[in-house]
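Each of the next two complexes has chain A plus one other chain: chain B in the first, chain C in the second.
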Partner chain A sequence: MGREAARQLAPQSNPTRETAPSAPPLLDVQGLSVRFDGAPKGVNVVDDVSFSVSKGKTLCIVGESGCGKSVTSLALMGLLPTPPARIVAGAAVFDGQDLLTLSERERSDLRGDRIAMIFQEPMTSLNPAFTIGDQIAEGIVRHRKVSKAEAMERALDMLRKVRIPAPEKRLRAYPHEMSGGMRQRVMIAMALANDPQLLIADEPTTALDVTIQAQILTLIRRLQEETGTAMILITHDLGVVAEVADEVAVMYAGRVVESGPVEAIFDDPQHPYTIGLMGSVPSLGRRQGRLATIRGTVPPAELMPKGCRFTPRCPFSDGHCANDPPPLAEIRPGHRARCWYAPLELHRGAAS
Partner chain B sequence: MSMMPSSDIILEGVGLKKHFGSGGLLSKPTVVRAVDGVSFGIRRGETFAVVGESGCGKSTLGRLLLRLIEPTDGDVRYEGRSILKLSKGEMRRLRRDLQIIFQDPYASLNPRMNVGDIIAEPIWLHNLAAGSEKRERVADLMRTVGLLPTHSDRYPHEFSGGQRQRIGIARALAGDPKLIVGDEPVSALDVSIQAQIINLLEDLKDRFGLTLVIVAHDLAVIRHMSDRIAVMYLGEIVELSDTDALFDNPLHPYTQALLAAIPIPSPASRQPKVLLQGDVPSPAAPPPGCRFHTRCPHARPVCKEQHPALETTPDGRQVACHFWRDIQGAGAGSISAPPPSAALSQRLALYRTWRERQDKTVATSP
Partner chain C sequence: MLRYIGRRILIAIPTLIIVSIMVFALQKLLPGDPVLTMAGEERDPQVLAYLREKYRLDDPIPVQYFAWIGSALTGNLGISLRTDIPVLELILSKLPVTIELAIMAMIVALAIGIPAGIISAVRKGTAVDYTANVIALSGLSIPNFWLGIMLIMLISVRWKLLPASGYVPPTEDLWLNIKTMLMPAFVLGTGLAASLMRHTRSAMLGVMRSDYIRTARAKGLLSRKVILKHALRNALVPIVTLSTLLFGELLAGAVLTEQIFTIPGFGKLIVDAVFNRDYAVVQGVVLCTAVGFIFMNLLADVLYVLVNPRLRHAA
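On to the complex of A and B.
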């Protein structure tokens, strides 16, 4: 297909993979806030979230369950049920358009075409009553002026691209006939069928075994290099983040608490939550004593503190933290943390 | 870690097999060989881990060890005695010693019982205490696992995932067990909660002199917790070794592939990896010869025909591979996670100091 070739050529003809400072990011989210009806006043499930992702780059959103990472991605895709969810503030500019102000019709033109999504559960996101080929072709026919036969041809191409063995046979297979890793490959094929500019992957490898996870991550990376697709990868696994991310946003209880280039996050973490998270993960080297832990659990919405939401669990917190929400302040160019006492060794170094 | 005499075996599996299913009237019989001839001993006081990918039979093995399911063939010996011939009553008495913690803490707690009753059930069942003494024991157990005794009249749905897992642990402890099998005890939990439960299990092990058998797929957790590791593939043990030896120098190609696939939490050590191709074959039709030969990068013709026995290496490890001597150090060797950066180590130390202080203030405040 000529169109595909043209799109594939584009990133290769442009050798500067690092983003020039002048080039605007592909997606720029500013101050996104989402509220669920019935939540206590002033407690947004996603609160003042900002991040951006550039062409060919990968942004990882890290956080534990309930931190709002999936709600954020669903809000961007326009997939949040409204009500109860309401977007109360913010803008998400994708290639010059604000995603949050589009009509439903415009959104569905965008979804699956220029923005695609991969979900965690490959079993539940595929329709058991249709063949793999039909399901991939459906998205192509919806967005492109092609015949069913051409769409099937393209579907076959995609199966080859995601390296599914015996693709001609698999095209006529039903989801239940495939393993979890194969189903996730189908999901990727489906998401990439229209050469999207942005791919949102919500925990794409969490349900998979570690050897299959490694295969899928390698595959995603290789396809990204070929096509120049930007990616937002949502995960709770710091190992996966270290393997694939260019930029990282760490979320806690609906807010971004730290963001920056992946090296900065791992080598120079600033927020106590990020540090606690890293201490909670067992190292792969020889055992080094007990794990550091983060006390307690995420508080329910009605007990959410006024100030920094990490206050009740943070070892360094005090009254200031509980009452005044800290800003997402720049520590170094591009590296931000939402903590009054960052860097900690300066403000909390002397054991008082 | 544990300095127990290596010959002191508390629980032993001998040639254990578990085959599930058979044909119906009209269909061809399919037998799933979930566990297919596994022998090993668990030493008193150690943490023994069974690791493998989904479908390798590790959970089935855990249940066989406690006789929660009956093996097709083979024997389980506890303190040198077979537990397969015990009567129902004898088995019930033995259950006090051998306990299990499940992966999904919600599915394994009765939603209609309050937490106090859930934890008291084994105490009542084994006639260990009654009346106020029983209540005192329940309160004690709840404190031990980090729950508030005042919450004993609450129901499981009122607790978070981590707290539910603590309830499951308190219930397992209620009968003063000698050995606890943890079937993926932390894999359903968030990272920060996972660390709390891992530390709790280690504390309890020290405090009560327990032997732990951890069935899991997360190799980092296993490396942190266990003394010895058995790696399973398609119902068989392919390697059994001390933890550090296994991670420093994996012998079996499957172990090597498994280690290579772990994402390393350090962006600086990103590198292209040699990856295992394909999926695990169906345990209903395991490949002939060495079961790993269909995915093994080192496979030779003999691997397709001859099934390798689990042999003991000169340094006391066990491995089932025809060519482990040749494969050693051939590429996929140990994984090396670089040490954390100076800034991270400094802040982690600071975090630990303040974290301890945080715990102390909690202990003194009501």
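On to the complex of A and C.
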């Protein structure tokens, strides 16, 4: 209920803020929890995750490997392998419908049509046995009342849009005849073929060469601007976040530890984990001493603290942190942090 | 593609030569003298010498080999020592029977094995999966001859639904032909269905975990299409190879099954020939079977490339 109140408060207290949603968000995820069979009791791989994406905006979910970013996105798509994964709590309201309560048939009607996804591994994400054209066109035929030939025509358009050279020829090519970057362009073409309202991109550039990464990211950005698609971009690259995000959600060990507008997160990070992340970004300008790191590693599931999951690595933690999980509380309008001592300068002035 | 097939055929040639030498040598190593068998009670040295001369059994073995292989290449596989019928003629009269039985058995095997494999992979860990596995295991463990005898007892003797044995050429009476072949084809087919089912299941399970299956589902495709198009197409790659090789084995004749149902195919021909020490027939049948098997291997290689676009360019 506090959440509801907070959301109503936000636009009133800062009505000029662009990112404050006036209309209901396109996707509103509240308290999403995913459990893997066999995990210790009460330790969810994704725990009480909440965020929202507005029409045409970009939300970046940031966090290190294994923090639950991908599981979250697959849960939204309905692509989690069940078992072992089970959604145990939460709601994900997309345009008025709760994705998590839809039937499998209803979800598959949305998938690839209004919500599309790009995956991390372009090398293995395309079926080796079918041509590129066939694989793009079948997604169009599934959701639109078009003939196979019209779908192929649309597939060709999409290949042009994602700037694939010689698209007519590529339409008949098999995935193994293309490079990783080209395949990722095909994946993007496939995802955007039905003009989705929401695109989930799960580390779309991680598996690519550094030189290709920027191209692909620029391409996604450009197409997103052209089509007005909202995007959830999952990444661990803070440079990418700074460039493309409107909103940011920082995840740690399955929980959102901080969320807010991109400027707020970068200019004034509140959670000790976010502060640590910012400190670990190499920069060209100041090169003084060693690169800051966050000491320790993410605890394994069986050693996960009862309270704040960052406790063992946090320089500010105490007994309170270890035993009671802090809420994701709003510290400033639109800016939330899951820390008992946020804002830190207020509570831990001396220490920081 | 044509170059690939050409290369495969070239590779098959040395295999064929080795096989022919082995077939020939095996024959010479078998105990017993065919001349004595032919001459029967009569042990007149002159008759024996005449027979040896006629079948050139006194020539050095390499000479005999080249004489045999030379005429084999022209289609002359010799004359049955027992019946005086040319071996080629014998083989050609039995081959259609064996091919028909092999095709019908293969249809049974594919029609049972592949759907069962898909279903048990998709329903992995459920009662359906376990049931299918138990049936498959039984299918693998039950000997063909036992199943054949049981079927004859039940279906032919008790219920009188199908003829117990014999063979009617399809040109004579197609319906009766199918009726007589049904039980032997079922007996042979179920044995193969079991291994096809196990292979299909594991291939499907492997493929269903791949990223491109997730992509197909992310496109919103219905599970039926995801399974039957995206998964099956890739799982079929090893299955096609396996089926072709199984078919090659079927062509060698099903000795026990043919005996039980008294079907005059390759299996029966070779068993009779071995018992009669009818060298020429044994050599001819084994050579023919080996060539058939090598050909099916060749076909498996070609099909493997055809169903697997990734290999087409390499080919």
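In the analysis below, the second predicted complex is superposed on the first by the 327 of 352 C-alpha atoms of A that agree within 3 Å, B and C clash if a C-alpha of one lies under 4 Å from a C-alpha of the other, contacts with A are read in each partner's own complex, and residues count from 1 in each chain.
Throughout what follows, a contact is a pair of C-beta atoms (placed from the backbone, for glycine too) under 8 Å apart; a residue touches a chain by one contact, two chains touch by 3 or more.
Please read all numbers here as calculations on a predicted model, not as lab measurements.
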Using the superposition on chain A, decide if chain B and chain C clash or fit. fit
Taking the superposition on A as described, I'd like to know which of chain B and chain C A:Arg144 touches: first, second, both or neither. neither
Per-residue touch tally on chain A - higher for chain B or for chain C: B
Going by the contact rule set out at the top, does A:Glu64 touch chain B (first), chain C (second), both, or neither? first
Touch test for A:Arg86: chain B only (first), chain C only (second), both, or neither? neither
Answer with first, second, both or neither: which of chain B and chain C does A:Met77 touch in the superposed model? second
Just chain B (first), just chain C (second), both, or neither: which does A:Leu110 touch? second
Check the superposed model and tell me the shortest C-alpha distance between chain B and chain C, rounded to whole Å. 10
Shared contact residues on chain A for chain B and chain C? none
Interface with chain C, chain A side, in the complex: residues 77, 79, 104-105, 108-113, 116-117, 119, 121, 124-130, 138-139, 142-143, 174, 176-177, 187, 190-191
Interface with chain A, chain B side, in the complex: residues 1, 53-54, 160, 162-163, 190-196, 198-199, 202, 217, 219-221, 223-225, 244, 247, 257-258, 260-268, 270, 273, 275-280, 335-337, 339-341, 343-344, 346-348, 350-355, 357-359, 362
Chain A partner, complex, touching residues on chain C are 210-212, 214-223, 225, 230, 233-234, 307-310, 313
Can you list the chain A residues touching chain B in their complex? 64-65, 165, 179, 181-182, 209-215, 217-218, 236-243, 245, 262-263, 266-269, 272, 275-287, 290-295, 297, 315-316, 343-345, 348-349, 351
